[in-house]
Structures are given as structure tokens and as C-alpha cells.
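Next up: some structures, all given as C-alpha cells.
In what follows, chain A forms one complex with chain B and a second complex with chain C.
Then we have the complex of A and B:
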């Protein structure tokens, strides 16, 4: 049995179709991240699962039971809000104890469960404080504590880290992940940050303007983006996208980009003449600095050192290409270089629909 | 820097002088008057006499009873109406306007309206009660000391509730929606949400409403003047009416001033902690 199943779900606000026919099946103990640009409907979907928004059509099932008509208070889910939504007049202890007290748990049970949660989250010394006396990171922990004291079937997080500073954010990512491993609870986590999604998720749901663009593991999304949107959204620095046209010569099918011959995998020759977007990840842009001057086809414009790699912006046929290079290779601004691509590393997206043409091949490889 | 600071005081000076003159002159005049310094009672002023004046003590008791009842009812009714107006009902703007209407009635006129409605011969209240067979005979409500008090309390409850209601509505609207959502997720029903989220968050606003309303109701004059003129006898006479009568009916100016100063002192005692708390929040 799945933990959460969403079938043909729709949400209409007055005149706005915010969730469009979404179906997702979430397995028990799975950590699923909903990711997409701001306004794409992530929060709406999460809030529908929580019971905070009504369903326009379709079905939401939690552990085998359709909950469309079940009010939020009876769904037994736990949720962490973006601004934490702690009760300002209650102490940390009482914030965490509230749901247990509502369930009329005995004093001993309340005390034990809250202290257990506090121990997991290092909140022990803060139990008597009010939320206003806590730092952002501590409030975040209390919000999580409030969620974990309950025996919830499903955990929902709505951008829980977006109010924290960069360092704390990275630290909390790991903490939430290890908490998930420890408690093994099904989790649906919303973020607009694709790096957060890539580092935390078992599976990622990429959303855009109310539709699901692709569902897959971080690797699947990175290596086989279903379409141009996912290709551009996942990955940092993002994939280089060059507009071109399919053409054929003695060597077979290739992509013509401003007169440059870009190699591509063998697809039906019937595609010749149709438009295509040629996608290459920065690590697949091969830069040769000592090549024969006759073969130079690009100029280095900007060189950025970022940790282990060098990120280089190149002028290539009127476009900007981003490449990651080994730090040891010397390269300077203004330098002429040769750029090359490999057919099996390039992604081809249909010029009209934006869907990934490589997927035809993934399918035939039985993957 | 020091120069600049003094410049700032110069800017404040005209306003301060004006305020001091407007507020200060009558205050000082009243205090002087109360000690009979403009010709009148002995050195202890009217103050000693007040303590043994049954009328003054009755007026004080009436004021206290009236204020406690009216303010309590205002907060309960105001909160109930504010909760309704804060919900997602249709044609909300219409109900908001209707709810505020009593506040637009001047208080003397409000008093007269109730007096007409409660009139034993021509009033609508008696006619309606008889038609509904709640009673056989018309009754002179305002002629009965107890019912007269109940009537003025009811009348002022109706006329004055919109003010605390608006304060509480503003308070309700300032409570973040996520608080309610978090409570729903935690499994709280309507009552648990009200006692755990709404009420604690609203407490500062309730306090403000209580303090302002107490001050307002202590000074109330027009409503009672229009409705019962303090009668029957002195059954509904409050301190404001007592001062008024001493001054304009008995011409006991010094005595009236003493009572006025006592009332002002009590109000000040209520107002000062409130003003201090408000100022402290601004820091």
C-alpha cells in the first residue's frame, strides 16, 4: 500500500487553475521533494494533502483511505510551515505538547514524548523559553519537534529552510535527512531550490505552472531530463542550451548550430530539417586549450574559481557556453580555445514540444 | 549635536504650550474651585463632605455597577460580533456597516430613543411584549429603580459595543492564518483553537478595549441624561450626572468641582498604566 496517492488532482481558485491533473504515488518511508519555480503550485498541492485547501476534483488517499472530505485535524499528518507558525504565547514545551494534550494523553506520556523529541533535536535546555526568545534555527527545530512528537503517518514540509542563512540551511538539510532515516516517516518536502531537492530527495517531483513535468530520482532527472524545462531547472550551473536544426551529411545526422556541426546520437534521418535544442551540461563541454589554432572556435570571456572546479564562460558561435574545467588546466580571459561535444553526452530536445528526444533511446535500451 | 537637540525642543514648544493651556487651564481651575479658592467651602474643599454624602456614594456605586456590567457586556458582545465579521460570510461589507451603526447614534439621542421605546403608554417594547403574550399589562420600566438600571445598561451595551468590537476585530485580523492552520494540523477543534490561539493572541487588544471602555463609561453622561436623567430618584444617577446636578441645579460649584476631581483622579489611575504600557511597546 502506498503512503500517499494522488489521483488526477485539480485545484481551481476563482478563475485560476493552480493544480492541473496531477497524479503521484508516494511509497511508505519515501522522502519526496516537490520542486519548481515560485508560484507553480507546490504549496497548494502540499496544503491539499494536509487538508488546508479543498480539492476541486480528483482524489487524495492517505494510507489506503480517501481523505478528500476529512478535515485537517483528523488526517493525522504533521506539517512544518515556512514561517514555523509556532504558538507565540506557549513555551517550547507547550508548543510541542499541544497535539498530545488535545488527544488527552496522560501527563507522563506527554512529558516523555516531548522530552524524547527535544533530545533528538537538542532542544532540552530551551523547553521553558517562548518562541520570541529563540533564534531562527531554534524555532525551526521546535517546528520540527512539534511535528515529531506525534505518531504521524505523513510529514509535510513547506520550504522549511528558506528563512535560514546559507550555512544553517546546509546543516539543517543534513539534519532533516538523518531525522528521516532515523524515524522512517513518509515525507513530502516542498522547496524552490533545486540543490536542496537534489541533495535531500529519494524522488523528486518537478512542477511548473500547476503540472508535473517529471517524477524521478535525482540521478534520473539529472541524466535524463524529460524535457527542456527539467533540463534547465535541474543542475547548477545549468545546462547549456543551443538552438539548432537537424541536418545530414556523409557522417549521418548532426545538429547544425550557426554553421557549427554538433554531433548527436543516431535518430531517424527523417528528422533532418526540423528544429532542435541541443543541451550540454557544463561538465560535458570539452575545452582544449592547446589545440591547433585552426581548430579554435571559442573565446574565454570569464573565469570563475569555485571550490574544486573552475567555471568558465565562453563565447561560442554568438552564444555563451558555461563549462566546468579542471583547476590545473591554465586558462585566461581572452584566450582562444577549442570546444567540442560528444554525441552520447548531449541532450536533444524537440524544437516544438521541448520533450527529450533521447528518451526514445533510453526506452529502447530497456532503462 | 547639543544645539540640534535644543532646536528640536523649540519646534515642540508651540504645540506644548497650546496643549498645556487647553488641557491645563480647566484642570487647574477645577482643582482651585474644588478647594473653594474662588469663594465657597472650607479649606478641605468639598472633599470631606463628599464622603458623608449619601447621594455621592450612591452615584459612585451606580457608576461602578454600570461600568462593570457595560464593559463586560461590551467585550462579550464585541468579541462575538468581531468573530462573525472576521469569518468568510457573504456580503461581509454590509454586515460590517450594520454592526457599526449604533456607534453613529449620538448618546443623548440614543437615550431618548430608548426612553420612547420603553414608554409605558406609547413605547414599542411594551406593545411588542404584550403582543408576544410575555405580559398582560404595559410596565413602566424606567419608573422602576432596578429595571431602570437594567435598561440603561442594555441601552449603552447596544450603543457602545461597536468601539470595543472594532478594536477586537483589528486584533483578530492581525493573527496570522498559519496559527490557525498549525492548530488544525495539531488536531484542535473550534473551541481548542479559540482558547489556545485566538484568545491568547487577542489578550493585549482585549486589555486596551477594556481600559478605553472603562474610561469612556465612567464619564458617560448623555445616554443616561436622555433616558432617565438619573431617575427614578437617584437610581441611575452616576458621577457625571451628580456633578452636573450639583453644578447646574444646586449651584454648589465648589462641591461639584470636588466630585469632578475625584472622578478625574480615578480615571487617571486607570489610564496611566495603560498609557505607560502603550509607550513601552513603542520602545
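Then we have the complex of A and C:
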């Protein structure tokens, strides 16, 4: 039995279709991340699962029971909010104990459960403090503690790390992930940060304008994006997308981009002259700095050092091409270089629909 | 530096003038309450009592009905304050948290009632209270006073509740609370300063009211203190020192109230003003 099943879910606001016929099945103990740009409907979907938004049509099933009409308080779901939503007038202990007290648990049970959760999250010394006396990371942990004590079927996280600084965000990412592994709870996590999604999820649901663009593991989404949107959204730096047309010559099928020959694998669906978007990940842009000047086809515009790598922005046939390079390779702004691509590393997207034309190859390779 | 000194001198002088303008009547009231009947009407007037006496206080306290007026005022003002707060908090929560048709119009209507002079409403209230047999009753007076204080209470509390993230209510509901429980356990404690401020406001407004008490109460035993004080103005003689002594006693209750709740009042008013 799935932990959460969403069937043909729709949400209409006045004149606005926020969630469009979404269906997702989430397995028990799975960590699923809903990711997408602002306004894509990911938080609305999460709030519908929580019971904080009504369902216009479709079904939400939690552990085998349709909960469309079940109020939030009776769904046995724990939720961590973006702004933590800690009760400002209560201490950390009281914040965590609130749900248990509502259930009229005995004083001993409340005390034991809160202290157990506090021990897991290293909150023991902070139990008597008020939220205003805590740092952002500590507040975040209290919000998680409040969820843990409830022993819920499903945990929901609504962009819980967006108020934290970059370093703490990375630390909390690890903490949430290890907490999930330790507790084995089904988790639905919303974020707009694709790195967060890639690093934390068992499966990612990529959303855009109220529809699901693709559901898959981080690897699947990165290596086999279903369409242009996913290809552009997943990955940092994002995939280079060059517009061109299919063409053939003696060497076989290729993509013609402003007179440049971009290699691609043979596709039965490809017709010469049809529009195509050529996608290539920055790590698959091969830059030769010492190539013969006759072979130079790009100019280095910006060089950024990230630590282990360099991110290089290149002028290539009137487009900006991003490449990641080993930081040991000497490269300077204004330098002429040769850029090349491998056919089997390129993604081809239909010029009209944006769908990935390589799907045919994935299917034949059993990927 | 010179410029800043001049500025502060100006501010200080302005504040001093304003304070004097506000405090002079209080000073005069207190001073007169300790004067004899003759001194209080003597010319030229004396600033401080020449023959200090508490006779006016003794007379007022011994006067038949004064303690009753005092108790009546506490009953009516307390009732108004409690009713305003009780109804206001739920109305404000509704306006703050729910999006329903006519919400903005209702809020505007509440505000418009504040723009009408109270005296315009006395007639309709007299008629309505007579119809439901509440004319010349404390409950009727409380209801009338509440209709004046409630709009302010609702607006002020709504501003206050708006500053509390709606996620607090939602977190409470996720924790298993009903809407009512989330209001009582999670919202209510956080609007306490605002609630105290509005309750005190309602109390003070009702405490100082003369118009409604004059029009809606006729039985002497049901009269409030403000009405009782006006009774001290006779046809041929005005008992100034008695009036002043009664007024000092009348002011004492709000002053004590204010001192006790000062902390809440300041954070309450400032909170709604800044965050609302």
C-alpha cells in the first residue's frame, strides 16, 4: 500500500487553475521532493495533502484512506513550515508537547516523548527557552521536533531551509536526510532549490504551472530529462540549450546551429530541416585551450572559480555557453578556444513541443 | 552641535507646554478638591489651597448614592469592556483569517459607525432598548456603550492578529487543534497586549460617558458616577469642591487601571500601530 496517493488532483481558485490533474504515488518511507519555480503549485499541493487547502476535484489518499473531507487535525500528518511557525509564547518543551497535550496524553508520556525527540535533535539544553531566544537552525530543529513527537504517518516540509544562511542550509539538509533515514517516515518536501532536491530526494517531482513535468530519481532527472523545462531546471549550472535544425551529410545526422555542426546520435524521428534544441550539460562541453587557431570557435567571456572547478562562460556562435573545467587548466578572459561536443552526451529536444527526442534511445537501452 | 542643542531646546519647550496644557486641569481639579467652599469660589482664585481640607471627600463619601454610582459605573464599564473584548476578539479573528464575500464592506461599515456622532444614535437606541425592555437597565447601557467601543476594538485587534503569521494557526491545526483551540491556545496569548489595550480603552470610554447614561438611565439608583456628579450642580449653587473631589475619585480608578496595565497598554498600542 502506498503511503500517499494523489489521483487526478485539481485546485481552482477564482479564475486560476493552480493544480492541473496531478497524480503521484508515494511509497512508504520514501523521501519525495516537490520542486519547481515560484508559483508552480508545489506548496499548494503540499497544503492540499496537509488538509490546509480544499480539493477542487480528484482524490488524496493517505495510507489507504481517502482524506479529501478529513480536516487537517485528523489526518495525523506532521508539517514543518517555511517560517517554522513556532508558538512564540511557549517554550521549546511546550511547543513540542502541544500536540500530545491536545491528545490528553499523561504527563509522563508527554515528558518522555518530548525528551526523546529533543535528544534526537540535540535540543535537550534548550527546552526551557522561548523561540525568540533561539537561532534560525535551532528553531528549525524545534519545528522538526514538534513533528517528531507526534509519531505521524507522513511528514511534510514546506521550504524549511529557505530562511537559513547557505552554510546552515547545507548542514540542515544533512540533518533532515539522516533524520529521515533514522525514523523511516514518509516525507514530502517542497523546495524551489533544485540542489536541495537533488541531494535529498529518493524521487523528485518537477512541477511547472500546476502540472507535473517529470517524476524520477535525481539521476533519472539529470541524465534523462523528459523535456526542455526539466533539462533547464535540474542541474547547476543548468544545461546549455542551443537552438538549431536537424541536417544530414556524409557523416550522418547532426544539428546545425548557426553554421556549426553539433554531433548527435541517429534518431529515427529526426527529419532534416526540423527544429530542434540541442542540450548539453556544462561538464560535457569540451574546451580545448591549446587547439590549432584554425579550430577556435569560441571566446572565453567570464571565468568563475567555484573551488574544485572553474565555470567558464563562452561566446559560441552568438550564444552563451557554460562549461565546467578543471581548475588546473589555464584559461583567461578573452582567450580563443575550441569547443566540441560528444554525440552520446547531447540531449535533443523537439523544437515545437520541447519533449526529449532521446527518449527513444533511453527506451531501447532499457534506461 | 549648536544646531542640535537648539532643536532639543525647542522640542523640550514644546513638550513642556503640551504637558502643562494637559495637566493644568488635573492640577486645578486636585487643588480645588482640597479647598473650602468659600475658597474655591473666592476671587482672585488661589493656586494651592490656603486652608487645606478633606471635607469635600468626606461629604461625597457620606452622600447617599455616591458609592452606588461608583459601583454602577464599575458594573457598566466593566461589562462594556468585557463584552467588547469577548465579541471583538472573535470578530477580529474572523476578519483577519477568513476571506468571505462582503468582508471589506463589513470592515468599512464598522469604520463608518465611528464617524457618526454618538448623539445621533441615542434616539434609535432609546427606541430599540424600549422595545426589548432594556431601557433604564444596566444591560441596555452596556449594549449601547459596546456598540460604540466594538468597532475600534475589532479594528485594533484585527491589526494585531494580522501580525501573527497564519502558519501559527495552521501549525496548531496540524498538531491536532480545532480552529477554536488554535485561537485560544496559540493566537489569543499572542494578542494579549492588544486585548488589554482595547479592553482598557472600552472601560475608559464607558467610565467617562455621560451622554448615554443621561439618555438611557432614569432611575436614580441605576445612575453612574458621571451622572451622579452632574447632580451636584444645583439650581442655585454649584458645589465645586464636592464636584472636584468626586471627579478625583472618578479618575482614580482609570489611573490605577492604567498603572497596573501600563506595560501591556504600551506594547499593545505600539504593536498594532507598527505591525498592523
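Convention: the second predicted complex is superposed on the first by the 365 of 367 C-alpha atoms of A that agree within 3 Å, B and C clash if a C-alpha of one lies under 4 Å from a C-alpha of the other, contacts with A are read in each partner's own complex, and residues count from 1 in each chain.
Keep this in mind: a contact is a pair of C-beta atoms (placed from the backbone, for glycine too) under 8 Å apart; a residue touches a chain by one contact, two chains touch by 3 or more.
Predicted model, so just to flag it, every value in this text is computed and none were measured.
Chemist: Assess the superposed three-chain arrangement around chain A: do chain B and chain C clash, or do they fit?
Modeler: Clash: chain B and chain C overlap once superposed on chain A.
Chemist: Determine, under the contact definition given at the top, whether A:73 touches first (chain B), second (chain C), both, or neither.
Modeler: both
Chemist: Mind working out whether A:83 is in touch with chain B, chain C, both or neither, as first, second, both or neither?
Modeler: Both partners, chain B and chain C.
Chemist: Would you sort A:181 into first (chain B), second (chain C), both or neither based on which partner it touches?
Modeler: In the superposition, A:181 touches no partner, neither chain B nor chain C.
Chemist: Of the two partner chains, chain B (first) and chain C (second), which one does A:103 touch, if any: first, second, both, or neither?
Modeler: Both partners, chain B and chain C.
Chemist: Once the shared chain is lined up, is A:133 touching chain B (first), chain C (second), both, or neither of them?
Modeler: neither
Chemist: Under the stated touch criterion, which partner chain does A:52 make contact with: chain B (first), chain C (second), both, or neither?
Modeler: both
Chemist: Residue overlap on chain A between the chain B contact set and the chain C contact set?
Modeler: 50-52, 71-74, 77-79, 81, 83, 85-89, 98-99, 102-103, 146, 150.
Chemist: Which residues of chain B touch chain A in the complex?
Modeler: 176, 178-179, 181-189, 192, 196-197, 200-201, 203
Chemist: Can you check the complex and tell me which residues of chain C touch chain A?
Modeler: 165, 167-168, 170-178, 181, 185-186, 189-190
Chemist: Could you please specify the touching residues of chain A with respect to chain B in the complex?
Modeler: Those residues of chain A that touch chain B are 50-52, 71-74, 76-79, 81, 83, 85-90, 98-99, 102-103, 146, 150.
Chemist: Would you tell me which residues of chain A are touching chain C in their complex?
Modeler: 50-52, 71-74, 77-79, 81-83, 85-89, 98-99, 102-103, 146, 150
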